[in-house]
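Each of the two complexes below includes subunit A, the first together with subunit B, the second together with subunit C.
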Partner chain A sequence: MTADLERISPFAAWLFSFFGVRVPAWIMVLTAVSIYGFFVILPQLAALGYLDRKLGADIQMRIGPNRVGPAGLFQGIADALKLLFKQDARPGSAGMAFRFAPILVLCVLFLAVGSIPVSKDWALSSVDSGLAHLLAALLLSRFFLFWSAYSANNPWSALSAFRILAHVSFYLLPLAVAFLPPVLVSGSIDMGGILSSQGGWPWRWTLFHDPGALIGGLVFFGAMHIWQCRAPFDFTSAESEISGGAWSEYSGARKGLVSVIEFAGLYLSCGLFAVLYLGGGNVPFGLDSFGRAASLVHFTALTIKIFALAAVSIWARWSLPRLCAGQVVSFSWKVLLPFGIVSVLSTALWMALAAGKSFAEALGA
Partner chain B sequence: MAIVSVGPLGNHAIGPFRIRIETDGENVRSGHPEVGLLHRGIEKIAERMTWAGFVPYTDRVDYVSSVHGNLAYALAVERLAGIEVPERASRIRVIATELGRIGSHLLALGAMADVLGHRTFFMFALRERERANNLFEMLAGARLTHSYARIGGVAFDITEGFVEKTREFLEYIETKIPEYSDLLFGGDLFRERLSGLAPVSSPLAIQAGLTGPNLRASGLKRDVRKDDPYCGYERLDFGVPVGAGESGTQGDALDRVRVRLREISESSDIVRQALKGIPEGSFQSPIPRLFRAPEGEACASVESPRGTLSVYVRSSGGRGPRRVRFRAPSFSVLSLFPGILTGAQLSDVAAIVSSFDVCASEVDR
Partner chain C sequence: MTRKRYEMGILENALPEYAVFSRLDRLISWARENSIAYLTMDLACCGVEMLQVSGGRFDIERFGSVPQVSPRHADLMIVAGTITYKMAPLLRRLYGEMPLPKYVLSMGSCSNCGGLFSWEYSYSSVSGADKIIPVDVFVPGCPPRPEAVLHGLLALRKRIASRHAAVREEAPGEWGKERAVK
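Right after this comes the complex of A and B.
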């Protein structure tokens, strides 16, 4: 039983290894999901939101939130509460999907977020199909986004819906290609396998395994940003072009989901890049020799990486103008895709010629 | 095919006016500007006001740079009544209107950047504009609707410290202009979006009655300050920037934006010259309390930030005007839109509109 649980949800097994009680597995999984969602993921999303506001304010030479809580830390909570108490209006002509499609977007995104392993013990879900499952979740989230936009029955939202569909063809190929170098390097499509094949030191990360993987990593980070639909790639929901597009008819708490979806996307982009290419939560010096509590060290390491990456992403967001669809597609197909293909081919060649050794190992030997 | 409405609310353009757009997917089939949402009947109100009492209404003709409206009206009435304006007043008027032009162009550039998704530049531009507004506060006691240029002179003499503060501002803005030029045109993203967008050839510009930066962007060197100088502009040395067609198409959105950016530094140069020798004397010629203009009619034009702002006044010898008419430059721009929006991309509509720097209050009056 425990062995099975460890295979499905290592985090649930880890959590209940502290208690000697015997409870049905489904209760363990549900508890683990709630605890992970509320105490691990949500605070990080809130912190990303805070970072976005504060860094954005710094870039624009403003002060940013500074009233609610120390240094404006609780502004996000105040905003969430405000949105919860606002009317949740639905246009009379909107379809049924208007109500639940944004929630489905969020669910699917959490499927993907939950599959990011922090460490061997701290992985909410461990799926054997790993990256395939992840890619499916990434695409499905955009499908539900399309659904929510299309069901609003508003011309702007409809335009946004078609942009979201067209958008899939922009990032899909570079993204799928950039998933491959870590697979080639680690020989596994399972996230846990990719994570454990890397070490704490930068030269043991996939990114610095070989030149091909380095290019692949950059392509991956770029493609994930196009997938995210966040500025500067936010032409699917541009305010000045299509009035906020998918979200123009939403209000109240459902409108609040927009920012949760936005920061879940940011978390996914940075988290996946960190786990697939930057060694995830692995730490050097054997800093993680604390037995069962080692996962806290891994968690800290991964969080630092995610937030550093998010800072880069936020920096780009606030300092670049929006790209129009043509600019996005030419960036994606003329820059990302060729480099992605080069990266996969050269990683494969490297793995064949260097017998799986990394650049640093080959240098040392 | 769908009919969508750009404006009057939303983030598309500054001020409430609406463009009804028939779209075919992302392509614009036709675009019809619909005006009148901001009509206040200013010209009709004039018929019930005294000559001096109408001055605050001229603020509201173009609220982005209100001092130009004051000046045009004052010049027309002075011409009608044959009032001599003291040298000092003329010089202060030049300083005020050029500061107004700097502020207005900053807002135009910022709004342009904002619809292209560059909120950061918008913030920067507004920050500088605030400094110009601070100077107006020193000068006129008001930040936006100054009512500063009055019949026969200006409302108040320059205050203590104004000259120093203005010099400081000019030094500051001159260091910022290259920075902003870099920020906007240093990278490819803006240039790609704006180059070749909505080009207006010089015959078309004349046919539509364009004036100001929009006309000059298409290569014609026409400027009221040069062609029909007022307030002693003939004694000041300044250049008139025209569109150079750097993208290969003269008179496109890129040219219009560049002309505005260059005009900021020209204006700053003019203010610097004007500050050098402000003549001594009175800032206001004595006007009787119950001023009556002689029977007749007169017309005066000024170069406002948006183009030639002309005022026609007719008097029947009473205490107020019989008829006042404003010829607003933004209104002529709207006549271009049906032609220029046909065949455009929906994502470019907001960029096209704001590249002409249309001020809705001026259109409707």
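Right after this comes the complex of A and C.
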């Protein structure tokens, strides 16, 4: 039983290894999902939101929120509460999906977020088909996004819905190709396997394994940003052309969900890049030799990486002008895709010629 | 589909009307006054000054206020500029599309009383935003300085704090009906 649970949800097994109680597996999984969602993921999303506002304000030479709590730390709480107590308006002509499609988007994104492993113990879900499952979740979330936009029955939302559909062809190929170098290097399609094949030092990360993987990493970060639909790639929800696009009809608590969805996307693109290419929660110096509490060290390491990457992403968001669809597609197909193919081929060649050694190992040998 | 006109939030429909929670009241108004998203109605020259309020020098985001482009995301409508007869129905419509609770800040002489373009001088503009929608705060000036708009925002925050947030209010949308122009 426990062995099975460890295979499905290592986090649930880890959590209940502290208590000797015997409870049904579904209760364990449900508890683990709620604890992970509310105490691990949600605070990080809130912190990303705060970082976005403060860093964005700094880039525009403003101060940003500073009236609520110390340095405006509780601004997110005020925003969430306000949205909760606002009227939840629904256009009379909106379709049925208007109410539940954003929730579906969030569920699917949570599937993807939950499959990011912090360490061997701290992985909410471990799926054998790892990256394939992830790619499916990323795609499905965009489908539900299309659904929620189309059901609003509003010209701008409809335009945005069709842009979201077209958008799939922009990021899908480079993203799928850039998933491959870590698979080639680690010989595993499972996120846990990819994580454990890397080490704490930068030269043991996939990114610096060989020149091909380095290019692959950059392509992956770019493709994830196109997937994420945040500026400069936010032509699907451009407020100057289609006034908010997919979300222009959502108000009240559902508007709050929209922000959660946005920052879940940011978390996902930075977290995936950190785990696949930047060694995830692995730490050097054997800092993680504390038995079962070692996961806290891994968690800290991963969080630092995610927030450093998010700072880069936010920097790009606030300083680059929005690209139009044609520019995004030419960036994706003329830059990301060729470099992605080159990276896969050269990683494969490297693995064959250097017998699986990394660049640093080949130098040392 | 029949909908209740005063549907304001999750809690209000769940509770009887006489239930007043003073602490909850305080909490909700705290959230409301610290997170006022505003719809930018820049209709004329005042609009440029309104955009300046969210810029680097005056930074309205310090108070948690951010500009929004969709009326569904907004709490406050800043009417900045001359309301022509052509624009007036759209203004009404956008006001109607904002979810409750909603506030209006009228900025500049034109939207306060018609100003340069009041009915004595102009054949084509509405003499004041309060002829078509209920206004919470008037900010005088032609155009008002951004500091004046920030002062208006602070006044609005006081106004929000003085209301009972946890009880139902009369829908302000009805108010304008009797005073519609012409």
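Throughout what follows, the second predicted complex is superposed on the first by the 365 of 365 C-alpha atoms of A that agree within 3 Å, B and C clash if a C-alpha of one lies under 4 Å from a C-alpha of the other, contacts with A are read in each partner's own complex, and residues count from 1 in each chain.
By definition in this document, contacts are C-beta pairs under 8 Å (C-beta built on N, C-alpha and C of every residue); 3 or more make two chains touch, one makes a residue touch a chain.
A quick note: this is a predicted structure, and the numbers were derived from the prediction, not measured.
When both complexes are superposed on subunit A, subunit B and subunit C end up clashing with one another. In the superposition on chain A, A:120 makes contact with neither subunit B nor subunit C. Once the two complexes are overlaid on the shared chain, A:60 sits against subunit B and subunit C alike. After overlaying the two complexes on the shared chain, residue contacts for A:204 are found with neither subunit B nor subunit C.
In the superposition on chain A, contact of A:99 is made with neither subunit B nor subunit C. When the two structures are aligned on the shared chain, A:235 is found in touch with subunit B, with no touch to subunit C. In the superposition on chain A, A:243 makes contact with both subunit B and subunit C. When both complexes are overlaid on chain A, the residue A:322 reaches subunit B alone and has no touch with subunit C. In the superposed pair of complexes, A:86 makes contact with subunit C only, with no contact to subunit B.
Of the two partners subunit B and subunit C, more residues of subunit A are touched by C. The residues of subunit A shared by its contacts with subunit B and with subunit C are 60-62, 239-240, 243.
Across the complex, subunit B meets subunit A through its residues 2-4, 10-12, 23, 25-26, 113-121, 123-124, 127, 187, 189-190, 192-193, 345-350. Against subunit A, the residues of subunit C that register as touching in their complex are 1, 7-12, 27-28, 30-32, 34-35, 55-56, 59, 61-64, 68-70, 72-73, 75, 97, 99-101, 165.
Partner subunit B is touched in their complex by these residues of subunit A: 59-62, 155-156, 158-159, 162, 231-232, 234-235, 238-243, 318-325, 327.
Within the complex, the subunit A residues that touch subunit C are 53, 57, 60-68, 72, 75, 77-82, 84-89, 92, 239-240, 243-244, 247-253, 255.
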